[in-house]
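Heads up, the thing below is written out as structure tokens.
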Amino acid sequence: GFAKVDDAREFRQGFPEVIFGANKTPEQIAGIFNHLVTQNQTVLATRVTPEAATEVCGLVPEAKHDPAGKTLLYKPDTYHLKNQTKKIGVICAGTSDIPVAREAEVTIEAMGHVCESFYDIGVAGIHRLFAQLEEIQSCDVLIVVAGMEGALPSVVGGLVSVPLIAVPTSVGYGTHLNGITSLLSMLNTCASGVTVVNIDNGFGAGYAASLMLRV
Amino acid sequence: GFAKVDDAREFRQGFPEVIFGANKTPEQIAGIFNHLVTQNQTVLATRVTPEAATEVCGLVPEAKHDPAGKTLLYKPDTYHLKNQTKKIGVICAGTSDIPVAREAEVTIEAMGHVCESFYDIGVAGIHRLFAQLEEIQSCDVLIVVAGMEGALPSVVGGLVSVPLIAVPTSVGYGTHLNGITSLLSMLNTCASGVTVVNIDNGFGAGYAASLMLRV
Amino acid sequence: GFAKVDDAREFRQGFPEVIFGANKTPEQIAGIFNHLVTQNQTVLATRVTPEAATEVCGLVPEAKHDPAGKTLLYKPDTYHLKNQTKKIGVICAGTSDIPVAREAEVTIEAMGHVCESFYDIGVAGIHRLFAQLEEIQSCDVLIVVAGMEGALPSVVGGLVSVPLIAVPTSVGYGTHLNGITSLLSMLNTCASGVTVVNIDNGFGAGYAASLMLRV
Amino acid sequence: GFAKVDDAREFRQGFPEVIFGANKTPEQIAGIFNHLVTQNQTVLATRVTPEAATEVCGLVPEAKHDPAGKTLLYKPDTYHLKNQTKKIGVICAGTSDIPVAREAEVTIEAMGHVCESFYDIGVAGIHRLFAQLEEIQSCDVLIVVAGMEGALPSVVGGLVSVPLIAVPTSVGYGTHLNGITSLLSMLNTCASGVTVVNIDNGFGAGYAASLMLRV
Amino acid sequence: GFAKVDDAREFRQGFPEVIFGANKTPEQIAGIFNHLVTQNQTVLATRVTPEAATEVCGLVPEAKHDPAGKTLLYKPDTYHLKNQTKKIGVICAGTSDIPVAREAEVTIEAMGHVCESFYDIGVAGIHRLFAQLEEIQSCDVLIVVAGMEGALPSVVGGLVSVPLIAVPTSVGYGTHLNGITSLLSMLNTCASGVTVVNIDNGFGAGYAASLMLRV
Amino acid sequence: GFAKVDDAREFRQGFPEVIFGANKTPEQIAGIFNHLVTQNQTVLATRVTPEAATEVCGLVPEAKHDPAGKTLLYKPDTYHLKNQTKKIGVICAGTSDIPVAREAEVTIEAMGHVCESFYDIGVAGIHRLFAQLEEIQSCDVLIVVAGMEGALPSVVGGLVSVPLIAVPTSVGYGTHLNGITSLLSMLNTCASGVTVVNIDNGFGAGYAASLMLRV
Amino acid sequence: GFAKVDDAREFRQGFPEVIFGANKTPEQIAGIFNHLVTQNQTVLATRVTPEAATEVCGLVPEAKHDPAGKTLLYKPDTYHLKNQTKKIGVICAGTSDIPVAREAEVTIEAMGHVCESFYDIGVAGIHRLFAQLEEIQSCDVLIVVAGMEGALPSVVGGLVSVPLIAVPTSVGYGTHLNGITSLLSMLNTCASGVTVVNIDNGFGAGYAASLMLRV
Amino acid sequence: GFAKVDDAREFRQGFPEVIFGANKTPEQIAGIFNHLVTQNQTVLATRVTPEAATEVCGLVPEAKHDPAGKTLLYKPDTYHLKNQTKKIGVICAGTSDIPVAREAEVTIEAMGHVCESFYDIGVAGIHRLFAQLEEIQSCDVLIVVAGMEGALPSVVGGLVSVPLIAVPTSVGYGTHLNGITSLLSMLNTCASGVTVVNIDNGFGAGYAASLMLRV
């Protein structure tokens, strides 16, 4: 009936296919979700509406819904952390960027890795960054989520020596152009070691960061 | 013959008309420059080519040519500083941004004000900013010149309590879009008290900063 | 619970953190607002919906709601004007631009300064400008708010000798591109002494103008 | 050999085909020019390089070359003014915009109409406009040429009651985007009665203005 | 109370101020409308919602509402045609473009001129144009309204010898970019004598065309 | 040494790999060209400079250079027309568009098909189109090349019932944006049966048209 | 009453006019639909809302509604396949692209041709493509529908030797820019034989593909 | 004299400051290069012209110039590989993309890591990819460099389970927009684990990939 789920993806790529919930009906999401659960895989769905979450949790009560990040996660019996010593730091510039950070964090959990959160650390109040710098520098990979002028990855990137994934968000107005400004800023960073994903793509950042831990 | 020079501008606006050298021939520039010199006014020309500079200095040997900022300045006998206690700080992110900073500085001098330079202070090596912070905080108005991701005004703006004019430059490549990225970044700054001028517009920043000293 | 409010900002920057109400729930806004009130600071919130205003005013009855500018202002006992002789002129091109002008004016009040309003002065009926020119010229700093072709700052800027902050608005249609046209026009002004803020950013203009009065 | 010249255009549209010189070799231009001369028509070529002008004038010595506007005009014996009482005013904001104004003026002459020039009348020194307002108001159609913020058509348009054709020019830098800013500004004018042509299109403005005199 | 209505505009520009209804409440529109009616002027309001129309017609029963073009028109006793022999042709490419054409037509009526409509004449079925060509060629000024590829003004412009005002509309999808495609197409027309107004700006086209009839 | 030439492409796709000459040195082009000649294949190179043409023709004297279209074509002994009854019409709006039309025509020849040219048929003089309509309607596939407003494919497309490939060119100025305007116009055509290729991509149009003849 | 339906289009172009349902009321659609039915033609309407479908089917019960593709199709008694041996392959990258694919398929049926569907074949799981390659290679023309990075036409285009029409969709987020990314990707494909239509334009692709079968 | 070289960067970030040669004179580059050499550090300069290379190699004969990638590399006695078992694969879509790939490779060497090259593997001839797939899958991190439609990272990304850095290049024409198309395509990839850097930024990709090997 539904989409051709790529069942063999775990075998091929180290992680099962993830359900992108946007533009899918609650029924479609629940159908695919359940199909993957019955295969005893970790199942992750992103961009799920509250309605879809209710639908899925009715069918799969063990699924955990994170309303902030709009994710659904099911972990099978066989779930275990793939690495307990390395961790990913998730830094977030403003309160409104938190949903994107959450999407990244749940993705990291789904892939069997550990993260630590550093929220509301904007460049315009840079003492907040220095107050937590040592803790940040102890992370093995960093994800930096920012809207507005998107300057945080540049500042953080100059203070660390690990790979840093910058995530532009659509938080801003006027000339922010729904995230284009943050993206352009991050692509033009003076800091070395920074790579970038699509606007609001917390999932992509969490997935790539997890792969980096496995190198 | 030439353009209708707005001779009465000093009376009306506190500063004589400035010659924008781009797209003018050396002869045109020299003609207007000389016309204003004979009126015993301060004369400033920006965006002057070496050829135009030679032409003008042949005619008006007292004119001072700054090759870095591409400016020509003539100060009449009556020139004097309008204010000796307040100063404008001119901060510059990278070596390639210096020409724009110089254009601002010569404009400030032309208008009878004093500035102090802080060069090569990029966000990706933020210790360079903190090393000079006290000196920067002693300025009454700040001009911050930056290309690439244009993040420096956000960081500086969060550490000071004076008006800050951000000047985006065309220094960058690819998605920098000839300065659009730096401009967008500055317009979307989280820091308060920041206003912005056109890409590479050192003159405009120096002029506005000088007016602010006179408030 | 909520965002990390930057309590020390008044000490560091001369004004407490302002609450940007867009994308925040009434509860979040009320929580932060109240937190700052209890610290006996001036509290300003912008972009507040009527619902958020009701929530805050229920909690803090002394808060003043301006529906036109969508602001909430609380002034503590210790509030006083920082300067009674200098004033900021707020000029507004069309009726639809008034909300942005109001955001600027309430910000100026919050920061302890005085402003005077000049509304509905479009370039296409320029006699309206000349009728009030003397009064406008008596201001120490100017804010000019305009949508459509954004030409008003150029005309006013050529008639005054004080710093002028241009605020593009999203008022227009078709090729106006939600304010981009007004912004581009203002960044390319022929008038000297003009600096620009983000589209619809009355707060930023009011804040920067207030800092200019303190130079 | 050459392009299919539309010989019957005068009959169909009231004016013979005009040669657009850009991207054509001197030989191609001279060939088409000469072909039309032998038909005893008015011949106009625009965007001609000095080399092309030399080539054409060698072949057709009566052709008049205007280096400022980059035009070549040949008027046959039968040439005569089509209207001697009505005139088109050509207003020009800055010195650098003059070439575009000249292209319009020579087009008007080619079509048998009369124009009057008003040069270097920028909005930032608006007294220059008022000094000539009566003379401007005596024109039957207006062409207003401007680069930078392109605000002049809005100001003039509010002071007259005749059709006004606004011509954006590529004069500017940075966010001027090679004329896009002037164009957008003109398309969004608050003044009524204003229509717009392509960037730097002096020919199009002169042609349309001439047609308006014939209504 | 309301906006500063520019009462003297008729005297200055030959037509009273027109009410731009977008972003105004029914009460605001009705207030201004009534104010102008009491001055015994022709009153035109554009972009009026059905609610605003009801409000105005309740107050001014003689006002005529055109739902297709979203206009309201009040003609005083003194209303009379300014010219009965010359007429404006309004050509319209597709059914969805008709509202913009209607806005132009009611504006022409308000200004005391006469127009003739030619609807649903798209370039992809060009026989529809030729079937009415003679009638079209008898008009003194043409307005051509088109969305999609905006090619109609080019085709018509090559067949007539009168001024032609091209009006791009927002009718299209995908790469049409809400009218930008039609606008760009019209600005780059190969036909001579074509000028352009903002996207969907039927009012501007009707106003300018009326002025052309008065040259 | 050189690039990995895809020798098996003829077998896989029905035509050998074509050499894209832009950004390649004369030596590189000559090397690849010769390599393919020795395999007794038809060899086509596009975007070749005069220098590269000289280099290749020195090595392979049988190669035919078309300076207008900037192509080089070598036909082996085995070359023969794949179809002699069907033909592709190549229509071209203006003289400056001819190079792109030529690139298409040589590609068609290389692929073993026949074409007929219709040059200088712009929409603004539409009688030129009707004069050749019958001949155009006898073609089996059409390629329409146009710059400026790119309207010709819409007009032609409404008069024929065969597949039409529209090729936007970079011929224009100002808002033409180096071909973007023509492209957008063609993508938004009202005519059915039209598909589009990249700006100036005569090769792509000729290749696709040839494939259509083989369906 | 309604639009001028182009009744003679079948005669002129091989297919009757198609009703573009967007921006039309159910009543307008039903009126035109019925008018064409009474002429005993095949009638196709695209972009129809459920409301419009109900309206039409009430009037013309034989009309077939496809909710996925938002089409309505009426086939008269005289309907017959124009070709039974050649077929069009419709390949679709993701589940969300299916509506656009359906619009193409119903258009193909309306024009009397046959198609075969290949759904959910994204480039990121390319084994799904190879699994069906032989079947795909047996098609005479291909339509490839894709959103996101729009890479599928490049991959497929390199594996086949028939004309391929690429259809970009608006499926994506952030920098996808509502389909612009997919479109740009397709216009810049390295594969030969690919032509492109407007974003989400399944109809245009189906129509052009059908014409290709008739060459 | 020169720029403030950030001497302590190796200590802080694990690699000394790299010289960005664009917009610097040969003398400036040679000066900074030599300064770093005397500190016995690895020195890397990118975007160096042949003139700058000659200047530097005159001063520092041990510096290795790579003309293809426009880099200069000096390795001190203390240089050694930081990791000999892990390697970075550098995949390159077309011949013209090789310079960007080379910049990445020399950066990797400078940082003490090992890479393997896979050149001229475009998506339109995908058998070239599968022929080397096993070798590609043995890499620990991948860099994929591509211009045109930028589809290669999507295809490769679906076949591997390591972090993949996508580098868009400016190779293309027309709607390629100097690399914007490749960038947008890569940011919107369906493949997971892909992050992106600025257009033509081989250095940034090499640097980030090296950091990933150190996680």
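So that you can tell them apart, the chains are marked A, B, C, D, E, F, G and H in the order they are listed, and the count of residues begins at 1 in each.
The rule we apply is simple: contacts are C-beta pairs under 8 Å (C-beta built on N, C-alpha and C of every residue); 3 or more make two chains touch, one makes a residue touch a chain.
Note that the structure is predicted; figures quoted are calculated from it, not measured.
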{"item": "Distance in touch steps, counted as few as possible, from chain B out to chain C", "value": "1"}
{"item": "Relative to chain H, chain with the most remote C-alpha centre", "value": "E"}
{"item": "Distance-maximising chain from chain B - centres being C-alpha averages", "value": "G"}
{"item": "Chain centre separation (chain E, chain G; CA means) in Å", "value": "36"}
{"item": "Inter-centroid spacing, chain D versus chain C (mean Cα positions, whole Å)", "value": "43"}
{"item": "Chain centre separation (chain A, chain F; CA means) in Å", "value": "46"}
{"item": "Touching two or more other chains - residues of chain E", "value": "94, 125, 158-159, 174-176, 180, 183, 187-188, 192, 198"}
{"item": "Touch relationships between chains, expressed as pairs", "value": "A-B, A-C, A-G, A-H, B-C, B-D, B-H, C-D, C-E, D-E, D-F, E-F, E-G, F-G, F-H, G-H"}
{"item": "Chain E residues within the chain G interface of the complex", "value": "94-96, 119-120, 125, 128, 171, 173-176"}
{"item": "Of all residues in chain F, those that touch chain H in their complex", "value": "2-4, 6, 9, 22-24, 28, 168, 170, 178-180, 183, 198-201"}
{"item": "Chain A partner contacts - residues on chain H that touch it in the complex", "value": "12-15, 18, 86, 140-141, 158-163, 165, 183, 187-188, 192-198, 204-205, 207-208, 211-215"}
{"item": "For the chain B and chain A complex, residues of the former touching the latter", "value": "93-94, 122-126, 148-151, 154-155, 157-159, 172, 174-177, 180-182, 184-192"}
